[in-house]
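There's a structure below that I have some questions on.
The first chain written gets the first letter, and so on, giving A, B, C, D and E; residue counts start at 1 in each chain.
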Amino acid sequence: GDVRIMWYSDGGEGDVIKDLLSRFSKANPDVNVILDEVSYNVVKEQLPVQLEAGQGPDIARVTNLKAPAQHWLDLRPYLADAKYWDDNFGAQADWMRPDGSNAITGFMTQLTLTGGFANKTLFDQAGVEIPGPKATWDDWAAAAKKVADSQKVIAMAIDRSGHRVSGPNISYGANYIAADGKPAPIDQGAKDFLSRFVKWNEDGTINKDVWVSAAGSTYRSGAEDFINGGLAYLYSGSWQISGFAQKIGDNFDWVVTGSPCGPVACSGMQGGAGLVAVKYTKNPKDVAKVMDYLAGADVQKEFAERSLFIPAHKGVASGRLDFKTDNPHVKAALKAFVESAGQTAAPAMKLPGWKWSDAYYSAIVARISQVVAGEMKLDDAYARIDEDIKAKVAGN
Amino acid sequence: MSGLELKNIVKNFGSVEVIRDVSLAVNDGEFVAFVGPSGCGKSTLLRLIAGLDKPTGGNIVIDGNDVTDITAADRGLAMVFQSYALYPHMSVRENLAFGLENTKVAKAEIEARIADAARMLEIEPFLQRRPGQLSGGQRQRVAIGRAIVRRPDAFLLDEPLSNLDAELRVSMRTELAALHARLKATMIYVTHDQVEAMTLADRIVVLRGGRIEQVGTPLELYNKPANRFVAGFIGAPHMNFLEGAIIGHEGGSTQVETVGGHRLSVVAREACPVGERISIGIRPQHITLADAGATTRLDTRIILVEELGSETVVHAEAAGKKLIAVFAGQQQMKSGDSLPLKLDPEVLHLFGEDGRRLS
Amino acid sequence: MTAKTVSSEPPVKSALRQALNAPVRLLMGIVDIPMRAWQKLTGLNGMAGVFLAPNMLIFTVFVLLPLVINFIYSTTSGSAIFLPNRTYVGADQYRILFDCRSYLDPSTCAADTFWAAVRNTAVFVVFQVSVMLIAALTTALILNRELSNRGFWRAVFFFPVLLSPVVVGLIWKWILQREGLLNYALSPLGLEPFSWLSDRFWSFFFAVFVSVWAHMGFYALILLAGLQAIPKDLYEAAAMDKASPTRIFRRITLPLLMPNLIVVLVLALIRAVQIFDEVFVLTGGGPGTSTMYITQYIYETGFASSLRNPGLASAASILMGIVLVILTLIQLGVSARNEKKGTR
Amino acid sequence: MSAVGAFLLRRRGRGWHWTDIVTWIWLISGVFLMFGPAVWLVFSSFKTPAALAEFPPSFLPYVTEQAVVPGYDKPLPLYNVTMPDGSTRVLAEVRRIGIVGQMVDPKQPGEIVKANIKDRTPVRKVEFASGNYTEPFQRFDFFLFLRNSVFVTVAATAITLLVNSMAAFALSKYQFPGRTAVMLMILATLMVPLSVIVVPLYSVIGTLNLFDSLWGVILPTVATPTGVFLLRQYMLTIPDELIDAARMDKASEWQIYWRIILPLSAPALAVLAIFSVVWRWNDFLWPLIVLSRKELYTLQVGLNVYAGELNVQWHYILAMTVVSMIPVVLIFVFLQRFITTGIAGSGLK
Amino acid sequence: MSGLELKNIVKNFGSVEVIRDVSLAVNDGEFVAFVGPSGCGKSTLLRLIAGLDKPTGGNIVIDGNDVTDITAADRGLAMVFQSYALYPHMSVRENLAFGLENTKVAKAEIEARIADAARMLEIEPFLQRRPGQLSGGQRQRVAIGRAIVRRPDAFLLDEPLSNLDAELRVSMRTELAALHARLKATMIYVTHDQVEAMTLADRIVVLRGGRIEQVGTPLELYNKPANRFVAGFIGAPHMNFLEGAIIGHEGGSTQVETVGGHRLSVVAREACPVGERISIGIRPQHITLADAGATTRLDTRIILVEELGSETVVHAEAAGKKLIAVFAGQQQMKSGDSLPLKLDPEVLHLFGEDGRRLS
């Protein structure tokens, strides 16, 4: 029967999956796989509507995995080898299934990891040493500031995203999850980092533009200045790599530095997109067949190598990866990210599978950027963050 | 169709009373002219008959049926609008064809009728033009053409010839008369041109201020105007009115005294008591030059001479009262001259103080 | 009385046109048969019904009905999307929106962002609509002059309308960012690069500017059509009356353009209140929340996050709708009074 | 100056009136302000992603010139290098190590020259990255999407014009009870943006089984209050006397509508047609919701695959924006002719 | 202003030649009437003078200055449009005031002038109304009013009285004459009404097909039309034309033979060779009833009698040729009767084969 896949692309992965699927189709003429390529917005805004109407594709590539988890299909009964799945994708399986279930609903097509990018050339020109692996946020800020002052560029930027600052928050000891699983009020750890963050914005260490350039929870990347060599240090994530490779080219050297440390950890945040099966499919068997194929180690490896993604597949990740690029920066960067995955702190590991993480993230971005823009006092912002989250919890 | 009847028609625009209780019967095939001063309600009456406006009161009966609530399209009339109302986006030909297409006339027949009308109206060279590319008179002819190609049961024509030159007007008049004779259609014709009204109409309706003043054949109106208004309105130049009084009846005649003590003896109007104040009406054409020695002459002084070529209009003054006289041909008169006039007592009109004709 | 030349088409062209018109005519003729029958039956007002019916049918199903459903949404809570899955809460959502300690200070409200958005929108609308009106009117007046290459000039001013809001926002963002085209163009003047969109005043300024830029062609076109509909002979009469261009504009053009000006005013107002996409792309609502407008608030609350709150969003949209209805009624009331005076 | 003036304006009198000067200024600044960014957009659509991200942005699409130097497999980028002695040379960069570039003179490939990267600027030339255009064409069913878009646009515009003009006719030329109420109702619904009623509308579409059908895209848009309002206001300016004349010509109301009112509303219809085409062609949000199958995608929906979560491939989006704009521009150029001299008054005295 | 001069004016609309080489000088303060058949270019010429259209060729000189390139607003003329062109959104008062406000006339003065004009035009009751609420004639009067309140140097009037009733037309005519006398303004007046042209104009310009046929005083045109066209155009009903030939010259007179061998002896036209074919023009007013026994009588048969009240227009036929005669008063004639007519040889007009007057 028909299997429709709703797929969005951040880069060239659409072409890769097309390739892989066409191979599948040749081998399985009875299954008609159709790839509906859509924009991320469709996945984000329309898919939930379709799902709630009991419609939608058979398989979808989504990033918001947890909240609509009741719509995902439990593949376990249809899979040839459920253990293979548990072994290789078990770490993230919880991100995409209802709390307390052991369903296998899909797998992560890619893992993303937050981390820092340094413009090595700028550091070199300024004669500043790039801080080492144990360097703290304060160290990084100081070093970047020095580069900035000497090279007349901006020191640091952090993407405008609650997810992005959560890694540092956790490194400073934050914990979002209360004992009952509901959101906890914002704690001292988070305040420690956020107050630094605000201060850096005010003193010009961090490029204020990124955070003030939007309201609400809108995502803004700080990458533009980095690409143009106007930024010494960017805290963003692994998804930037291929874009940087393409756009920066040979203009300067850049390195991935993992996440800076706080008193408690040197954590980044994990994330990524998952490919999940949808409960409302008419051909669960065929869906499982497709999923099984795509989850295969070879396929996973090829997919990761060609789309320059960090694989979620345990076996593949721990094996040797030969990323298909001739850009030395990219290879190094991917390697650095794969390594730093191990640094992720435990509380950070929980967040992607936690129902209220989005409420937390968006409250933080919205309010902190108001502080940065000078509309609000930091203390009021903390209060508002708590209120906003409470309202979200109450409204659902 | 067997004629048209208006029953106690009243029309108000907001608080403005425009038509006040008009009743009129028009026979099948009759040619009726509406005349009256500007703004007296002629066009309004036409629009009511057409069904374009709804009367505030009263009924309209066509062909024995009450059509007061019937839409314009279903009344089967054709109208020439005072403002032409040509379809600006259609060529002249399309303007003419539109009404015919609506009634599903065959193509060939449409062509024939348009050719016919265009010839009659002398608009053949312009058939491809739009109204905006025509002169005023040409537009007006298209407006007429639009009505006549339809060959309806009845025509409503609102000053259809007002913007045509004299020659064309005469020929159109003749064509309209011929058309009327041929189609035997009822025609209601609004005009300001006395000649048109007199020559075309079977009956003339004189309106004033939304009321009918008199209905009659042209010569009836001319010879026996029902009141001073009609008398003044019909005939050009207008009738002269002199204030006067009846001073006695004598044999078959009545003695009347007027301006400057001038006395006239007119056909007996016995009904009028001696001493009653009256107006004496006399048409400019009925004033002649008095013989040098005549006793009953009216001495006047010329104040203005208008030479029309074929006739001369003389404005004169007698005892502060203005008089107009028309003389045939071109006269050697000039303003300031004194002019002894004779009023023909045979054709005098007498009107009472209320304006009604005394007869 | 227009002095236009006789358009004597070449016979081939007119024959072609006739041929193209024929099927349309036939179709319309066929439609006419039932229409006539209906007209016989119901008279003119019945025909009004016929003319309205298709529009009103589609309209009721696809606009009115959803609107009613939307209202019902505003009385429910939860993140579920379909009504049956939602819980009825009465006026709670409205209560949340109106939960303020002091109505004069938005920051004391529970929904402080909502009120900030309302205030921002009000200011934006006042400025944007007036700038829009003036710019569109000026453009229309100028395009209405006897220009050569009219088509080209019209296209110039209409072009931005063809762009999707996202692209509009993007272009201007590129122009306005710190290392954008504008700063580059200003650098010869010795001006330091400036983050236009991170400044409260300038981001507001450019929100107005860019939205006017993007939509002015739309309104100018409406006005242009209206201007062209004013009979030329009135301008001739005015010329004979020795009227100056300003007076012709004030006494002839403006009053006769009024019906179309009303369209523009109402539409511009409504669309200004609903401003979203291009400003969202441009400023994202920043800096801070200073260019965050009501639609963005609705969008953020109701759709953007995975924990959406459609009930609150609906309530906000209903409030916005009510305000708009009142504003429009006022405008139409004013214009209706003028219309009544001006029966032709 | 006056030559330009003559080019711009066909003017009656002699000399410059202040209105001419305003016109002139407005038009010229229009070209820069209104058209400039759009032209820039077109040029940008030919830029490589790297050039797009570059600051300060250039007007034309530039790429760094490259030269094939004997002894090196790949073409090497060329730079203008300021030598320590102040002279400048054009050199090809072999590799860059930190802040030092190793350069060779293409003519003397043997010798390596070291240069600080601060002292070199790329030699650039204008080159149009046609790949932005060709790649999307290869990658997806452009013509299928185009067909869907054309269908949606044409059908929606035709129905919009018909249905709206009929309603506008009724609302402008008939006095029937409830007329104001209908008008107000139509206007009132203008107030709520589509994004707000998307969900209810979605349920309606679902109920009607129009989900995943192009008609589901078309129908909700055709009863636009904007169109009714726009046409109605324009029709108010058509003299009633023409309708009277048509009634006397025994035209049915339907004929009055399509033979008198429609042609006379041509300017407003042209405006609405332009708008409708632009709107429907660029419609994105709503088709996205209704259409979930690729076979039914319209261009705008199809093109949006380039908008990912974290990365947007602007070079493709810009190129495809330009492509998808071409038909609309052509339609505009064609339809704007109809916005010419209103003639409604000229049939009247 | 010291008059107006048109020099070789040509005007084409696309390929249509509407005005072909018109040259004309109008003196300061003169009253000139333009007459001519519908569509001959009168309005166009007026618009060219006004500056509303640009001539395709030629120059217009006002007051000694070439104004060909001057805009209408700067020429200082006032115009009554054939189509009125009233401002539909302004009340009558505002319509009248608009031109005055433009020229910064003081408020009180504006009031006074409007009151003046309104009284003269009898539109006082409608000052608050909009044009759409007026009758055709009322609108036309507003259009006149708009021009006269301006008190310009020159008036251009395009059939200003066409939609007014006879009485009003006479009074308006008088008012215009008075206005002309008072303001000493140049007036150019297009009309289809012979009486208006004859009574008002100092000179009449007869146009045909975009060319001037003759310019002269009213009586010049009436008595000595330059050609057959002018002869036929001036005078109502139009002049009768009979085909004929010159058969001899004899003493002080020339012998002419016409329909049915009828011979006439007219004032000598020696220039014409015997045998030349000519048209003989005779005005209907100059045809009289022949005495019963007269020898030089023309025997005709009546085909149509039109009774106008003050006169009777008889259409008769002689040897297949139609003749119109006008008799004063009401006659007892009817169609079919035979009618012996006498042509007054004193007032005959002779035209050559090319239509030019023979004299």
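The rule is short, and it goes like this: a contact is a pair of C-beta atoms (placed from the backbone, for glycine too) under 8 Å apart; a residue touches a chain by one contact, two chains touch by 3 or more.
All figures in this text were calculated on a predicted structure; none of them were measured in a lab.
J.: In contact with subunit A and with subunit E at once: which chains are those? Just list them.
T.: C, D
J.: Can you give the shortest number of steps from subunit B to subunit D, where adjacent chains in the path must touch?
T.: Steps on the shortest route: 1.
J.: For which chain is the distance between its Cα centroid and the global protein Cα centroid smallest?
T.: C
J.: Could you give the separation in Å between the centres of subunit A and subunit D, each centre being the mean of its C-alpha atoms?
T.: 34
J.: So, what's the distance in Å between the C-alpha centres of subunit D and subunit C?
T.: Comparing mean C-alpha positions, subunit D is 17 Å from subunit C.
J.: Compute the distance, rounded to whole Å, between the mean C-alpha positions of subunit D and subunit E.
T.: The separation of the two C-alpha centroids amounts to 60 Å.
J.: Rounded to the nearest whole Å, what is the centre-to-centre distance of subunit B and subunit E, using the mean of the C-alpha atoms as each centre?
T.: Here subunit B and subunit E have centroids separated by 22 Å.
J.: Check each residue of subunit E and list the ones that touch at least two other chains.
T.: 13, 71, 82-83, 133, 136
J.: Could you list which residues of subunit A touch at least two other chains?
T.: 49, 53, 224, 228, 230
J.: Where in subunit C do residues touch two or more of the other chains?
T.: 1-2, 4, 6, 8, 39, 44, 81-82, 177, 179, 231, 233, 256, 303, 344
J.: Would you tell me which residues of subunit D are touching subunit A in their complex?
T.: Touching subunit A: residues 49-50, 52-55, 77, 93, 96, 98-99, 117-118, 139-140, 198-199, 202-203, 206, 211, 288-289, 292-294, 301, 304-311, 313 of subunit D.
J.: List the residues on subunit E that touch subunit B in their complex, please.
T.: The touching residues are 13, 35-39, 41-44, 82-83, 133-138, 141, 158-159, 162-170, 192-195, 198-199, 218-219, 222-223, 232-238, 283, 285, 306-311, 313, 326, 328-330.
J.: Sort out for me which residues of subunit A touch subunit D in the complex.
T.: Against subunit D, subunit A makes touches at 4, 6, 8-11, 14-15, 34-44, 46, 49-50, 53, 55-57, 63, 112, 120-121, 124-125, 219, 221, 224, 227-228, 230, 237, 239-240, 243, 246-250, 253, 273.
J.: Subunit C touches which residues of subunit D in the complex?
T.: 7-11, 17, 19, 22-23, 26-27, 30-31, 33-35, 37-38, 40-41, 44, 55-57, 162-164, 166-167, 169-171, 174, 176-177, 179, 182, 184-193, 195-201, 203-204, 208, 219-220, 222-223, 225-226, 228-230, 233-234, 236-237, 239-240, 252-255, 257-258, 267-268, 270-271, 274-275, 278, 282, 284, 300, 314, 317-318, 321, 325, 328-329, 332-333, 336-337, 339-346
J.: Would you pull the subunit C residues touching subunit D in the complex into a rising list?
T.: 1-2, 4, 28, 31-32, 35-36, 39, 44-45, 47-52, 54-56, 58-59, 61-70, 73, 81-83, 138-139, 142, 145-148, 151, 153-164, 167, 170-172, 174-175, 177, 179-181, 183-184, 213, 216-218, 221-222, 224-226, 228-233, 245, 256, 259-260, 262-263, 266-267, 270, 273-274, 276, 295, 298-299, 302-303, 310, 313-314, 317, 320-321, 324-325, 328-329, 332, 339, 344
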